[in-house]
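Each of the two complexes below includes chain A, the first together with chain B, the second together with chain C.
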Partner chain A sequence: MNMLQRPGLIRHKNWRYPKLSGMVIAAAIIMYWLHSPAEGEPYGGTWLGYVLGIASMLLIFLLMWYGITKRNVPKSRDRRHYDKVDRRKFENTEDVRKYKRSEGERRRHQPVNTWRFGGDMKGWLAAHINLGGALLVLVTLHSGFQFGWNIHTLSYVLTLLVIASGFYGVYVYVNYPRLITENMGEDSLETLLSKIAELNEMTRIRALDLPDDVNELILAARTQTRLGGGVWQQLAGEAKRDCPTRHAIAKVLELGAKYTKDNQPKLMRDLYALLLRKEKIVSRVRNEVMLKARLRFWLYIHAPLSIALFTALFAHVVSIYYYW
Partner chain B sequence: MISCLFIQVARNSQGEAVRKEGVISGETILVGRGAGCKVLLQDHRVDLVHASIHRSEDGTPFIEAEADSIIHINGFVEQSGALSSGTRVEVGPYLLTVEAIPEGHDLAIAVEIIHAHPEVDKSNVQDRLDLPSIGLSKRRISLWLFAVLAFLFILLPMLPSVSSAFDSWQSNLPITLTDSWNPGELSDGHRVFGSKCSSCHQKPFNAVTNEACISCHKNTARHVHDKTLHDSQFQQMRCTTCHDDHKGKQGLVKHNPALCVNCHGDIRSMKADTQVLDVRDFSKSHPAFRIAIPDGKDNGRVNRIRQTEGGKISEFSGLKYSHKVHLDRNGISTPGGDVVMVCHDCHVLDESGNHFVPMTMRKSCQQSECHALAFDEPAEGDVPHGSEHEVLDKLRGFYMRWLELPSNRVLCAQIGGGEKMFGCANELAKKNAASALFSETEGCGECHEVRRSQDADVPWRVVPVQMNKDWQPGAVFPHVKHGTADCSQCHDKSESTNSGDVSMPKIEKCRECHVGEKTSKRKITSSCNSCHRYHAAK
Partner chain C sequence: MLRLYFDKWHVAHTFMSKDRYKIAIIGSGPAGISAAARAAELGVSHVLVEAAPHLANTIHRYQKGKQVMAEPACLPLRSPMSFGPSVREHILDTWENEIQRLEVNIRVGCAVAGISGTRGDFVIRLSSGEEIEAEFAILAIGVQGNIRKLGVPGEDLPRVQYQLDDPGEFSGETIVVVGGGDAGVENALALCKQNRVFLVNRQEEFSNCKEANLEMLMAAVTDNKIETRVNSRTERIEAINEDVYPIVYVVQTEQGQERIKCHRVIARLGANPPRKLVESFGIEFPNDDLSSVPQLTEQYESNVPGLYVVGALAGYPLIKQAMNQGYEVVEYILGNPVEPADEGLLREKFSSIPGIHKAGEGIALIRENQPLLASLTTLQLREFMLDSTVLAPNKGEIIFKRNDYSNSFFSIIGGGVRILTEDKNGAQMAFELKSGQFFGEMGLLSGRRRSGTAIAGDNCLLVETPRRSMLKLLNSACGVRRSLDEVSLRRIIQNYLDASLPESELDHLVHEAKFKEYSVGEVLFNEGDEADGLYMIRRGSVTVSRIVEGKEVVLAYVSAGSYVGEMALVSKTPRSATVRAAAPTEAILLETERFNAVMERNSSIRGKVDSRYLERVVNDDDIVANAEASGLIKFLMDQGVGEATDVLLIDYSRCIRCDSCENACASVHEGTSRLDREAGSTYEQLHVPASCRHCEHPHCMKDCPPDAIHRSVNGEVFISDSCIGCGNCQKNCPYGVIQMAERVEYKRPSILEIILGKKGKKVTVGEVPGAKVAVKCDMCKGILGGYACVRACPTGAAMRVNPEEFLGQIK
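This part shows the complex of A and B:
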């Protein structure tokens, strides 16, 4: 999934896309610099404004096409995928000739890279990121730094937001997978949840021999400890949570001085140790939820805002020709 | 080295224990689910390396939990404990029971799973652990954004085109339906339209027409005087070629020389017999200025004479005036003493800042009590600065009173003026006027051109003064903006003795400070409409 971590995404094909977007940016800036518009101050309606505007629009279409392409990668050159598909198709049949014919068919229908669904997603992503940077410069120069409370500036702002969320996505994809691995270690979310369930059970049993106030604490810690939650809770992770487990740990330590009969001290000590262990796992789960949420949430902004941008862009263009 | 009998206990369908024995040995025996563990407990609730079994210093084996792992020894959480016979150690869901040490081994451990995989606690299942579980959907958010934006910014702004009554109604709303499409503020004059786009944009997907502009701007002057020429050459031009609105304070006019140079770069292709020369840029290809000189027939017409190298242009103003005398650095003598005069003493800017207030005898020439018009002896009083008749009438009036003294009447006989007092006074006045008042070099003639006239009554005529108000009527020159320079930097009058000397600066003078469209350091960028006006034809 994480193509950014593959080596050489930016260096892809001898820095093809950084070079391309660098040239686009340089050309745009030089033209803007040399341009002295007939109308006085530069704006989107001069000839250069139109050139930059049309170039930006085409670039937006190209960047949005990435979203379509990445959902359609049938032209993958990964042979294993094809083998798997073919074998599944014929796994219940003994007809070897049929299977062999299908291999022949497969050879005839070799995966083809078309211009629409180029097979190299790495190249698409490299282009998407670098040309997104170039778009930032093109639209800014297209605006001529003339802003107002209108659809035109709204389109510009949406473009900025989409690009900014995209850059945040790059940052997240580069850094978060490492953090997720560090946090999870040898476990997965599922094993952590089952460990929590087991610890809950253990604390429940330990508390049975103890007074009610301890049982209440353990019940709260068992049933009210929240791991994920709404968007903000997921994104925030541990921050600002009133955690019943943490509360129970403090209380158990405090009540330890009070319950000193028979084997109560041993049980209290056990509870304390179990709760501490649970808290550690709970916070790892919350970290996992937070990291995964942050890893994905930017796309919930990036993709819908790009649709909003597309709509605003349409309105922007129509408004200009409607009131020509 | 620990040699351990390792017994895996399973339960058959009747619940009876089924024991399977094996031997494990090593200096340290690891307990966990990882591949390196000899006591291999394959359950996720067990850590990769959960605990380890060593020998203590006295030789007895003991178990020790890893730092982050929990083990229970005999029912309680412990970090470590000795493995004596009967000790029960819980590792995750497994129970490790230490059995009696068999022959040939150091230890015997029976392992049995005692906690089946628990149901994940319901309280945690409610927790939403990823974004899709909250109900967040990129597709749904996208659709909503599309719907809202399309409604607000595509559908609503098109609605006013449906009906003009609806358009008028909506244009009075505090925020109108079309506001979001407005690319910028209207110019000050066009604010009267408010938000009614259809005032100018009369038809969707059609450019603003000239008729839309002319319906209000009816009296806009043409570019050329000749109406037929205007109609033939400018029919195709649109107002919006040069005027662009929605630019706020920047105004309506495009300051673009290319718009003018389009025609004026090769003006003969537009009109073969034109007197106008080609111009492309003020710095490089602007022809010499043409100076407008009144044609002397007092009909308002002017001759336009081009300032060429060395050519001196002069005009006839009807005045005799020496700037050299008046601007003498040592001063000019006045009744009040010597005064050094400066340009502003006579040339005072009018309110426009472009031109000067016309000079008058009283304000300009009679300041500091100069040029006081007193009659010569014997006549007394002031000469009126008016028509020749007025002057002579006053002189006659004087002589009528003067002849009331009988001693003066003697003169009448000498000049042959007859006995009649009126005739005598008239003769005396004319005589006086001829010798002093209307002389070519004295009296009126000191400043004015005086000619003989056919008029029997007053046979002299003072040539009317023609003060040229504007030598460059085709251009606008704001003197007020050029107040940073001395007048003499452009108009050198220090040696001029003739009022007809025209001292308009040549274009080279302007180019000392002004350049054309191409910006230059220390010079002022000037486009065509810095000086010229398009709608200039009267």
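This part shows the complex of A and C:
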């Protein structure tokens, strides 16, 4: 796979965004270091405090704009010059060399104005992550380490929470996609569910010729095996589940010694094998549900928190003007 | 009402035993109706005789609701009757109304038994014994008139039918369909949805039907929807008095006699051209070939003076052509000079050439200056020119650029053209072409980018022919194909082997070079075979593989414009690897002896082949050591990447399954995503979603009635607005990436709506609400910044790759 991979998010455009955020952080720290406010202790009200505060606010706007851009790519169709015929005259072979790619292909690969045409989401996400990291430093320095039970500290705490949830998201995005593919392979959720249905039917038919207690086990395994469940169950996946299928497997093994008449041993062996197969698929489905849930769940925290932050930020800024 | 009208005529005519007319027209197909209508319009006494009880029997027998095309689209219609692309019912209704309005003298239900006499004095004998006298006779009976029957006892039972009007009419029945051609297969496929269907074929394979039909049939057979009996002959059909099944169909299969109880037998055995009947009128055919048509003058007159033949029987199967001929033939009979219908169009085309005022002059000019086309008849040339364009570029103007994806064909009929190309190492080459030569055939045949840039010289005059018309011509005119192959072979050798090879050596190589065609998966040669020569790939691509430790390891992917088989030639040992076609492939085989002789005499070609040999030895060792790369190449080939020019791949180890790619695609394509991320195959962490591969020779283009699918200069294969929604492309696409979608106008959501999570609005447009057209990926043609799917992917998992570059990177 490595032979295919293009540079990842961090290395995007030759480390553009780590470099940028590193510079922002370094500049902020150096300024903070050199800055000695007249009133003694540093806080948000000094000139540096204002600089850092305004910078942080702009950064927050930019980071939140990502959420809109990603739903709005590409922004518009633009056919300017597209169908224009190239009437350039070629006098020698040197001119021809310059036109290796046809006009349309060159245009297709040309970078476009990010603001007007939506640009490239890879760059946006790389910037979002790296500048989000820089924001952590900026707001902390902006606070001057002065905390209290007020709207200002609330904004700060919300910022920290948004950034923390974002970093968790990065962790999930980096690690989970690979796990999902490994778990599912060539199959899709639908094919797995239909396989389960098929196995259910096969176990039902075999159990018909067996005593009632076996039939009850199989009925429970068939009808009470839950795949998804509530939010927490989905996030937890296989852990802490009382699974009727698993229970049935153990029981069938146990009852195998009891039923030895005619073709009963063969049927019991069949049931055991079928249930084992089913359990494997069931746990794959649960894994899939879990991985997908975890892949998405954090966003349900990250996005509302950022909106809360936006509101708190508004209050924070207004209150400052009020005191001014 | 119409029936009443016909009956009135019928009754009127039974009282007159013998009528005399100026023109008698036999057959009320498009050509016959058009001729009769023209005669009626001019007030010439005429009669139109039709054997069936209604007008236009062949069209009448089309399946209900069938879309009827009006090809060739650019040809103007010249007839008092109207005609355009529409559904069967609409066309028939319109014609019936117009026939009434023009007061055409029509007699339906009268089969002609014989025609005798000559100009000015024809006697047409009807099967009822009645006779009609006429000065001129026009034969427009088409070729569909006599349908083949089963020819066994029971062939005329009421439940044995020879056509199917509406497959929806039958449900819950057991039906035996006889005949393995397109009609039989199409009927069986249409019926199998709600009936139990047996399909009986005389031959072992269904080789007579279109590829798309064959594929659907195979799928239906696999799903047990259709049961087939091959190598089987109908023995008889018996009526039985059982509750459920009224008849029994007795068939002789390979396993012996079988009795299939059923409700219905539908036999689709084709039609016989009514040659015997036509010959009995005194008309002669040029040869014994069953498909041959009578020899006619340019005015459609046969060897019997005064007896004219038009329409499909004259060799013009298209409705519009036939209608034009019907009009023209009446004018000819009346002695009015008429220009052919295409005259104006052709004149327009030649207008850029000074001194040419008539289409005929232009045609003569082409015939004189372009030996490639000289073997065509005047009618063929006129048809060829209808699709083509005459260009007169200024000196220095670019005709096409290297690496463009255009695929039209150019014939030089005046002046010169300069071609600039370069080989893989960047060495420049330039050569001049003169009047009488042609170029652009490599792009046309390989389906790949142009290999060189063409620049107009002094007084340059060109004929540009689009891909489809040129392929049609190559398939029908073998003389043209042969001359083109010969020249293109030399050019391929010069371009891909050695440009400095002297003419004499080229002659030596080309002599006895063989053209070979391979379908996907077919083997060019096997590991361990004796070397039979060098294979130059002209079209398609191949994989080179070797068995390593019992497993097949793919070593390389070689595409058109390159060659394979040099290893065994250089080392003089048996083949060291197996070469297999990865896409439909055409190769040219240069024989070992000849090739070795040429190599011995010419050190430059020897050096080139040797260095290629060494390159490959190194590459092969690398790949054998790297099983992952080999598996990846094999997987991609299985996914059809071998014939792709640009394919969407997703690195699943990075894909966060957000489906931004699909959403972005939908937002720039009227709200319908042209890619399905989840569908498609995965190998390790590489996913090939269901999305267009922009094939070199797009399967979708194969059978598009309105010719709506094109490839732009930049490589995008796209469907234009002229799509009629027939669904052929969807059926023909082996990768399932074409969908049918309603024509809509899409309003993108505003930023506020985006924040609130709203989607865009679709408003149905078009004449027929709900009518669907085919949609597919157009590589975001014309959108600044390109590929919405790739741009919208936040993690860089989605990528579009050109397999040639991409497979070169796998090492």
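Please note the rule applied: the second predicted complex is superposed on the first by the 274 of 324 C-alpha atoms of A that agree within 3 Å, B and C clash if a C-alpha of one lies under 4 Å from a C-alpha of the other, contacts with A are read in each partner's own complex, and residues count from 1 in each chain.
In this text, a residue touches a chain if its C-beta (ideal position, glycine included) is under 8 Å from a C-beta of that chain, and two chains touch if they have at least 3 such contacts.
None of the values given here were measured: they were computed from a predicted structure.
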{"item": "Touching partner for A:Glu186 - first (chain B), second (chain C), both, neither", "value": "both"}
{"item": "Chain B versus chain C as contact partner of A:Leu305, first or second or both or neither", "value": "first"}
{"item": "Touched partner set for A:Lys70, first chain B, second chain C, both or neither", "value": "second"}
{"item": "First (chain B), second (chain C), both or neither touched by A:Leu125", "value": "second"}
{"item": "Which superposed partner A:Lys292 touches (first chain B, second chain C, both, neither)", "value": "both"}
{"item": "Chain B versus chain C as contact partner of A:Lys261, first or second or both or neither", "value": "neither"}
{"item": "Common ground on chain A, meaning residues reached by chain C in one complex and by chain B in the other", "value": "186, 188, 292"}
{"item": "Residues of chain C that touch chain A when the two form their complex", "value": "396-398, 401-405, 420, 422, 428, 430, 449, 453, 455, 628-629, 632, 649, 651-657, 660, 663-664, 667-668, 678, 681-682, 684-687, 712-716, 751, 754-755, 779-788, 791-797, 799, 809-811"}
{"item": "Residue ranges of chain A in contact with chain C within the complex", "value": "1, 3-9, 12, 68, 70-74, 77-80, 82-83, 86-91, 93, 96-97, 99-105, 107-112, 117-122, 124-125, 173, 176-178, 180-181, 185-186, 188, 292, 295"}
{"item": "Chain A-facing residues of chain B, complex", "value": "34, 44-45, 47-48, 68, 70, 72, 76-77, 92-93, 115, 117-121, 123-124, 127-131, 133-134, 136, 138, 141-143, 145-146, 149-150, 153-154, 157-158, 179-185, 197, 201, 204-208, 244, 247, 250, 254-256, 258-259, 517"}
{"item": "Residues of chain A touching chain B in the complex", "value": "36, 38-41, 43-45, 146, 148-152, 154, 186-191, 193-198, 200-201, 222-231, 234, 266-267, 269-270, 273-274, 277, 280, 285, 289, 292-293, 296-297, 299-300, 303-305, 307-308, 310-312, 314-315, 318-324"}
